[in-house]
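Order of writing sets the chain letters: A, B, C, D, E and F. Residues in each chain are counted from 1.
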Amino acid sequence: MSGHTDMVLVNDEGIRIDGRRVDEKRPIRIEAGVLKNADGSCYLEIGKNKVLCAVYGPRECRPRHLQDPTKAIIQCKYNMQAYSVNDRKRPGTDRRSVEISKLIAEALSSVVQLELYPRASIDVYVEILQANAGTRCAGLTAASVALADAGIPMRDVVPAIACGKADGNVLLDLNKEEDNYGQADVPLAIVPSTDEIVLLQMDGNMTREEFEHGLDMAFKAAHEVNEIQKDALRRRYTEISKKEGDSDE
Amino acid sequence: MSNYVISQIKRDHLMNLLAEGRREDGRQLDEIRKITVETGIIESAEGSARIRLGNTDVIAGVKVIPGAPYMDAPGDGVLTTGAELIPLAHESFEPGPPSEEAIELARVVDRGIRESGMIDVKQLCIKEGEEIWMVFIDIYALDYDGNLFDASNLAAVCALKTAIVPWKQYGKSKVEGDKVTEMDDVPMPVTCLPISVTECKIGNDLIVDPNFDEEAISTARLTITTDNNGNFRAMQKGGKGSITRGDLSLCLDRAVEIGKQIREIIG
Amino acid sequence: MSGHTDMVLVNDEGIRIDGRRVDEKRPIRIEAGVLKNADGSCYLEIGKNKVLCAVYGPRECRPRHLQDPTKAIIQCKYNMQAYSVNDRKRPGTDRRSVEISKLIAEALSSVVQLELYPRASIDVYVEILQANAGTRCAGLTAASVALADAGIPMRDVVPAIACGKADGNVLLDLNKEEDNYGQADVPLAIVPSTDEIVLLQMDGNMTREEFEHGLDMAFKAAHEVNEIQKDALRRRYTEISKKEGDSDE
Amino acid sequence: MSNYVISQIKRDHLMNLLAEGRREDGRQLDEIRKITVETGIIESAEGSARIRLGNTDVIAGVKVIPGAPYMDAPGDGVLTTGAELIPLAHESFEPGPPSEEAIELARVVDRGIRESGMIDVKQLCIKEGEEIWMVFIDIYALDYDGNLFDASNLAAVCALKTAIVPWKQYGKSKVEGDKVTEMDDVPMPVTCLPISVTECKIGNDLIVDPNFDEEAISTARLTITTDNNGNFRAMQKGGKGSITRGDLSLCLDRAVEIGKQIREIIG
Amino acid sequence: MSGHTDMVLVNDEGIRIDGRRVDEKRPIRIEAGVLKNADGSCYLEIGKNKVLCAVYGPRECRPRHLQDPTKAIIQCKYNMQAYSVNDRKRPGTDRRSVEISKLIAEALSSVVQLELYPRASIDVYVEILQANAGTRCAGLTAASVALADAGIPMRDVVPAIACGKADGNVLLDLNKEEDNYGQADVPLAIVPSTDEIVLLQMDGNMTREEFEHGLDMAFKAAHEVNEIQKDALRRRYTEISKKEGDSDE
Amino acid sequence: MSNYVISQIKRDHLMNLLAEGRREDGRQLDEIRKITVETGIIESAEGSARIRLGNTDVIAGVKVIPGAPYMDAPGDGVLTTGAELIPLAHESFEPGPPSEEAIELARVVDRGIRESGMIDVKQLCIKEGEEIWMVFIDIYALDYDGNLFDASNLAAVCALKTAIVPWKQYGKSKVEGDKVTEMDDVPMPVTCLPISVTECKIGNDLIVDPNFDEEAISTARLTITTDNNGNFRAMQKGGKGSITRGDLSLCLDRAVEIGKQIREIIG
């Protein structure tokens, strides 16, 4: 949000630098069940973002002092790989990734039926292979699919997407240039069946009107993302039952 | 903090009160606690403030030191915000590197200050590409009775508002091209006052400025920072529960309204 | 102790740069019971030093392997806040603060009746809000008051104060300039009722005579500091009984 | 990884198979698993490759960034290799700083690349004594089913082989004395392909490219890296057991032979 | 292995810069039982390398989660002291020392009868006082002697020595210049009674023929090193029985 | 070290002996153990010494390396003292970053050397404001049988006393204004020998140079460092007990007296 640029981010026809309209999200590709060892996994691309997510659990919670005797906890590690950004990111945890990990874990805690697994931990690992603005939304969207792939009971699959503002236009799903040189970014995640909000951040500068307009777009897009999530899970289940069918022969 | 268990009895009590629209300490649901502001209390800092928000007590100090600019913003001063939940402030705070709670706190306060453009960083340039003023905002919780977000935001804002840029003290002159301007120590270039308002969701109710007990039984938290014009500058939803869009709408209304109240209190 | 300066630290009339005589300590202000959450607390100013101290305990000792089955242990964390010095102090523990924490804990262990609380920990947190030479003495003085405020049984309240040397004069209670450019610094803490020494450090250069002279001044001043400590506790108790009295009505 | 206990039954089963010269997955003792190579998959990296070796899955990315040379090699580019066993890849991998297993892995891969002279570091000089290209090779395990050594070596080698040196992107020219040469982005100067071949000892047998179960019951590990000429460039024996000189001889033969096979696969 | 030099490392007569022949190891001095507190200890010099090693155990394994219910584990810490190299080494663990510690522990695990001490740890501390190439071999050689001095049952005492290549010559036991500017280094450790290999690394560039030739030299030299180890242990046992004899009088 | 429990029987035995004015090893209360000094034992160091004080064994090495001065002392060399209680030296020492015991030890030794002006740091200036000699003193406990303070002080002092400043080795000349002086390697500029004497309080007795068992049952520790003139340069009281002013007086007397003895031993 901090930058200034001479770049025209939205032209007179309302077209953005990557050819999108203001209310158009980037192309999304989701694949469930992409890893062998993890209990559940998901690969997700949105625009130039590439995210891999694995879920392990429910399993014994370590360290022990974090155990909750009444329910499972979700532990999330969001990690940007060294080469995922133009300037190499030094390996290891930084403050930004601690915050994002916390927010993703909290958002997922809203939908997972944690009370089924007292004392357990459900561990969610989000690896950013390539970053181009919107990685927390991409990571959370992928994590929801990976949880479902792991067969963990949830009341819904959570989609996430951002809205924001650049060149004075309210936009859906900011890319890197729009994030760097724009005026606002609002990551949002919802429970599609109830439209509850489970993740919301905002930074920048928005009037009430702009904010509500952006939110409208983001809610609508989140439902679309949810369809893509469900589609990926449907393909995954088809694949599994096919294999099981094969092995029956 | 995460391990603190408030007894079931206490929880029921608070929930029963809320069912009647009341709170433990007699406040309205949208009423903040008493704010006390002390500034200029640390002479070794370029700015400082201690805020009491009810029984929550937070101190912030500002150090302003010459340093090198970032390559992608050669003429801008640099802001850095840190927050520490020191064990002095509550039995649940542990010594050691910042917890994820402390990190989130610092980042939310930082975003409110940064994204509102509170500080005109252009005026913190000593010589473009070579030397700028680095502004370090360090926040310490001293007594924790809920809502560190708003108390910390207030402490940081009041410390900055009363801070100076120590040009003279460091013997620095402003260099623009060939022009060298001798400088006195000047007030921190403040353009607006970003004020955050935090609410918690308990059952179906939203309450403003939660105290420790209220935080302990809440399911979600929402912090909204507005600028002098009532525009939104930063938001952060926290907690393992959800909020509805109706909740959000109510919080946005209150954030603007209460932001105005607070701005009047701190002048 | 390392510096050299053209500054006259003690003038011909024996007056120091802050107007004090050689055997005069800086103004002290002590207030007990200043924090709500802590079991005991104290705010102390001496000259330009500002110190806040909290005591928690006796409570379960963590980490467990530090527990002593025969008595409580005192754990102290001395911390300089980032803005307490002219050059910002980077947050986190450094070697100096580790040493001071150890010395304060040891000094307090001499007077607290630790044998009453086997396996427990008494945790002492000393936060330096503003530093101007003498913070370890200020911190220990405040910690003693905070322990008393917490109602922890002690055989006495420990006062601490330094003597030292600057411009060839033996001085009481060095300020920052005298510490930086002087020739010796001797922090001292005693048990007032017995004149036992519980903290003693020295660095610089002193003859036997100078050292004994300094120590005489410091012992005398420590007793005065102790009166201020007791006065603060008396005010605190009055305040508490007043409140309790009020609530009886 | 060290705590993973494979059941005695599984162990017996594998040992019985080996006694008949067979392996769980039907391979010959000196047969490697199927190798799949994808390159150029990370656009934010100057080079990248994802390798699947059976069910072991490893990704490597190469970042090439201008930096200062070491004092004792003022005209040489600098190589740095890191490897992370992230918990995403296996239930036995823990978050936090690199384990000793991850450190050994990175160092063995690094030695193969460095000692083979795979990269002509002289061509990574921008201006002698002042600026060179730093090449960071970062390897992440994504799915772990044994033999991370060879999978990681392959991923690193394939990422380097397809990497570019971003002269143009960074606006850097080559400076030699008074001569300044404008540069296009050029391929990484690769002189050869160091290929490692890892074997494990189980009972008296040596098996090539062990999977997870085989590693778990093995007593010793030997990794041998050869260059295009079949010369030896790096070796590392691991594990708490021993190997005989006869074992070593067999491994050397196989490393040369299988190295050739792999070099053909990756082109 | 990385360097280039105009230095002649092996002259026309096959003599090296320190006067050795190509198949000649540096002078070795080994002394067992040099420390009082350790259960076993050894001081070793080879050329300009100076190494001190201590063994503690078998003793309770800490941290507990490392315990093996069926046998002891060996934990090794290899550490270069700050002044052991020309450029001061910053104290603390680095990646190189982690790797060497792991390799030494693994090599020793081949010979120690670990099954005798379930759940225990045998802790091996290798301190490099002065380094001049070959410290991992020197450390492992010393550690074997220290284990024997500690009376820990082993099936053999492990010697270690390197071969390598410089100026095109296959050499035994490289010194620092040969290591820095040579073409290969091959540290080796064996079980003398069976000629099993328990440590082997190689880096550089060697043909099969060169490698086998180097290995022949290293095996031969390792047996010689083993004689020096046994001699040191013999002297140590003589000394102990002498003392015990003395005390019988 | 803190957890070490010496049996009650041993404690009673030592106390009984002290009641008769005797010590376990036959020493007088004010008698130090035998000191053995070896210097010049580490060729990679600019100075080195190994001290045996009874069965306590400590080694110190001095590295002297060119570096940048501190801004507030542009013409002074820089001293840094580190101490490590490595687990090789005692079963109670643990691996990892320095414990508070190790930190206190290093700081007490450092103060003795620094505050006595033992090293004339003015002579460690290469070019004022630009380059000075950095002197690193690193101390390692090798065998611990009590009184690491005095053994470490001695090791550091003897290592410094025999150290050189490697002007020639680094090709450095002394630059003073326009004057450039070529330099040979010269001895470290030592002005005096700060000697620390440590005593422990057991019951009402003070004993000099305590061994491990004596330290374990003592209630307080006092280390006093004197210079060649018998002036006091550093003191440190440790331990959870107290000392009287009479105790202090006795310790001051002994520190001067024994300091002289030790200075004669180390020459």
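In this text, a residue touches a chain if its C-beta (ideal position, glycine included) is under 8 Å from a C-beta of that chain, and two chains touch if they have at least 3 such contacts.
For clarity, every value in this text was computed on a predicted model and none was experimentally measured.
Looking at chain C and chain E, the chains in contact with each of them are F.
More than half of the contact pairs of C-F, counted by residue number, reappear in one of E-F, A-D or A-B; that pair is A-B.
Of all the chains, the one whose CA centre sits at the greatest distance from that of chain F is A. Comparing mean CA positions across the assembly, the chain most remote from chain D is C. Work out the mean CA point of chain D and of chain E, and you get 27 Å between them. Distance from the chain A centre to the chain F centre is 58 Å, each centre being the mean of its Cα atoms. Chain B and chain D, compared by their mean Cα positions, are separated by 48 Å.
Within chain A, contacts with two or more other chains are made by no residue at all.
Not a single residue position of chain F touches two or more of the other chains. Taken as a graph of touching chains, this assembly forms a single closed ring in which every chain touches exactly two others. Starting at chain A and stepping first to chain B, the touching chains follow one another round the ring as A, B, C, F, E, D. Contacts from chain C toward chain F in the complex involve residues 1-3, 65, 95-96, 98-99, 101-103, 106, 109-110, 186, 191, 194-208, 211, 215, 219. By the touch criterion given at the top, residues 41-45, 48, 55, 57, 59, 61-63, 65, 82, 84, 86-91, 95, 97, 136, 138, 140, 142-145 of chain D touch chain A in their complex. Against chain A, the residues of chain B that register as touching in their complex are 3, 72-73, 98, 100, 103-104, 106-107, 111, 114-117, 222, 227, 230-245, 247-248, 252, 256. Within the complex, the chain C residues that touch chain B are 35-38, 48, 50, 52-54, 56, 59, 77, 79, 81-88, 91-92, 123, 125, 127, 129-132.
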